Amino acid sequence: MNHIFFQICEWIGTAAFAVSGAMVAIDKGTDLFGVLFLAVVTALGGGTLRDMIIGHFPPRMFTNFQYLLLAAVCALIVFGVARLLKDRYIRNEKRIEQIDNVFDAIGLGIFAVSGARIGLEAGFADNGFLVTFLGMTTAVGGGMIRDVLLQKIPFVLKKRVYAVAAIAGALTYWVLETCGAASTLAYGIGWAVTVALRLMATVFKWNLPRAIDL
Amino acid sequence: MNHIFFQICEWIGTAAFAVSGAMVAIDKGTDLFGVLFLAVVTALGGGTLRDMIIGHFPPRMFTNFQYLLLAAVCALIVFGVARLLKDRYIRNEKRIEQIDNVFDAIGLGIFAVSGARIGLEAGFADNGFLVTFLGMTTAVGGGMIRDVLLQKIPFVLKKRVYAVAAIAGALTYWVLETCGAASTLAYGIGWAVTVALRLMATVFKWNLPRAIDL
Amino acid sequence: MNHIFFQICEWIGTAAFAVSGAMVAIDKGTDLFGVLFLAVVTALGGGTLRDMIIGHFPPRMFTNFQYLLLAAVCALIVFGVARLLKDRYIRNEKRIEQIDNVFDAIGLGIFAVSGARIGLEAGFADNGFLVTFLGMTTAVGGGMIRDVLLQKIPFVLKKRVYAVAAIAGALTYWVLETCGAASTLAYGIGWAVTVALRLMATVFKWNLPRAIDL
């Protein structure tokens, strides 16, 4: 029962990140392969980094294809929609960014807690820092690799409390699990913390302080 | 006998990619260390990524020095030639790009099948996706790391059917091996598929479709 | 006794690199999280790459928090100082670069020998190339990842004999250890070789040759 719940959540997160990754790739004018590749990198790159950190080889994306297939299908749909809409796709840039932000926040929350959960399952329950870091890496790693490949400074270094939201959600999940809360409850609350922080930061334009305003 | 054949092929691939990497580095104006470093990264980076994905530590380049030595010697030769030719090297940019394209296609084909072959040897024969991915990674990974280090958008995201050619060759090799073909035959046909696709794409200016022409 | 000596050296190296990383991040205008993140990446990224190459999972930074904590505290101090000085921080760019160079050279030397030492401890004493490469990776890897994230061509490809100094120090350490010298002596001489090479290269403006001056 729990297993199916986690499964469905990961599918949603993968789809959300794949859509977001494909949209960024189309924006940068890559071809069909580029759109597929960057959607897959965005959706599965963070989990692959996480698996490499905990020494799980080959990383899960190579032994469980459902996520890859799902990401590819999502990328194809976005590609098709953008091709159909053409000019209307470009003209509505603001709307598209808003849609992207919501998809991104949902995926961020799911991957932050699911990454932390895999840390627990791998036997690191007593290492709260590693568990939290695995959650953050799963959540922000894919977008980071995508941005490096596309020659952008990773938004995680600039976007409002992006990584901080992932850290807060993963840490909340770990604390609740450690305190003996039900797994699905801890998962849900951790997820909600990340999404709420991320969306509030977008709406209220929160920023972390800078040393010097250039 | 087969072993020697594969060995010689890998030497050729390593030399081809090292030459190509050194030429890109010289173009970007790096110093002697940069030329050596980027030639080695281009020639051995893909195989190192492949080894990390399948959990082979330390990666082969650190325990079998012949490839590193070969790449370094090739880089030194290219460095010396460019230094001798000077202006003539710069003025013949178009010719140089053509030479680079041929070297690159040869290396691409060899690394696509040799990466897939190492996947089979590591016991993943029943996972055609992983085997194909290992071939692609071995073939395009080194150039990708080099481009990221040199602040270029990896050509794999833009160059005509570059990664697709590697995927086709690796997949062909895996299918033939799985169907029981002789290893050297499967290797040769997989290689030819990649090289043919790549060169034809260059000559006929094939492109994958884009969602929106910017 | 030796153990405490190596420990203290690594603390100094970590602090030096964290200060250097935080200064680069402030220069680029990242927020507080970016400064912390990039200081940690600069200080611990090289050692993490080294651990991944030798198959030590999870990498040490996730199981031994003292280095992470130290890097974070250093980053916070630099952040606070820059915030206090403001304009004076910017106006003294040249002085800051000089300070950064000294910190950087000290860290470079320590990490070059400490990375090589970990290679010996991991059982690769008979593989001088791998040991030297591990020293170089530990020394230059963190700065390289930071530069890629900040969209700069890694200085290791451009800065005067940067990686060469790390290689020389690590190799010296390995040779001395192999010849039976006392560990702390080998460590100290290896460190001195790197720092001396690096500082002399800065003072005397040494450069490696280029193929073509563009």
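Order as written gives the chain letters A, B and C; numbering starts at 1 within each chain.
We take it that contacts are C-beta pairs under 8 Å (C-beta built on N, C-alpha and C of every residue); 3 or more make two chains touch, one makes a residue touch a chain.
Just so you know, these numbers come straight off a predicted model, no measurement behind them.
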item: Self-contact between copies subunit B and subunit C, residue sets same or different by half; value: different
item: Cα-superposition angle relating the copies subunit C and subunit A, to nearest 5°; value: 120
item: Whole-Å separation of chain centres (CA-atom averages), subunit B against subunit C; value: 31
item: Junction residues of subunit B - those touching two or more other chains; value: 52, 55, 148, 151
item: Touch list for subunit A against partner subunit C, complex; value: 52-55, 124, 127, 129-130, 133, 144, 148, 151-154, 156-158, 161, 163-164, 207-214
item: Of all residues in subunit B, those that touch subunit C in their complex; value: 26, 28-35, 37-38, 52, 55, 57-59, 62-63, 65, 68, 79, 82-83, 86, 89-90, 148-151
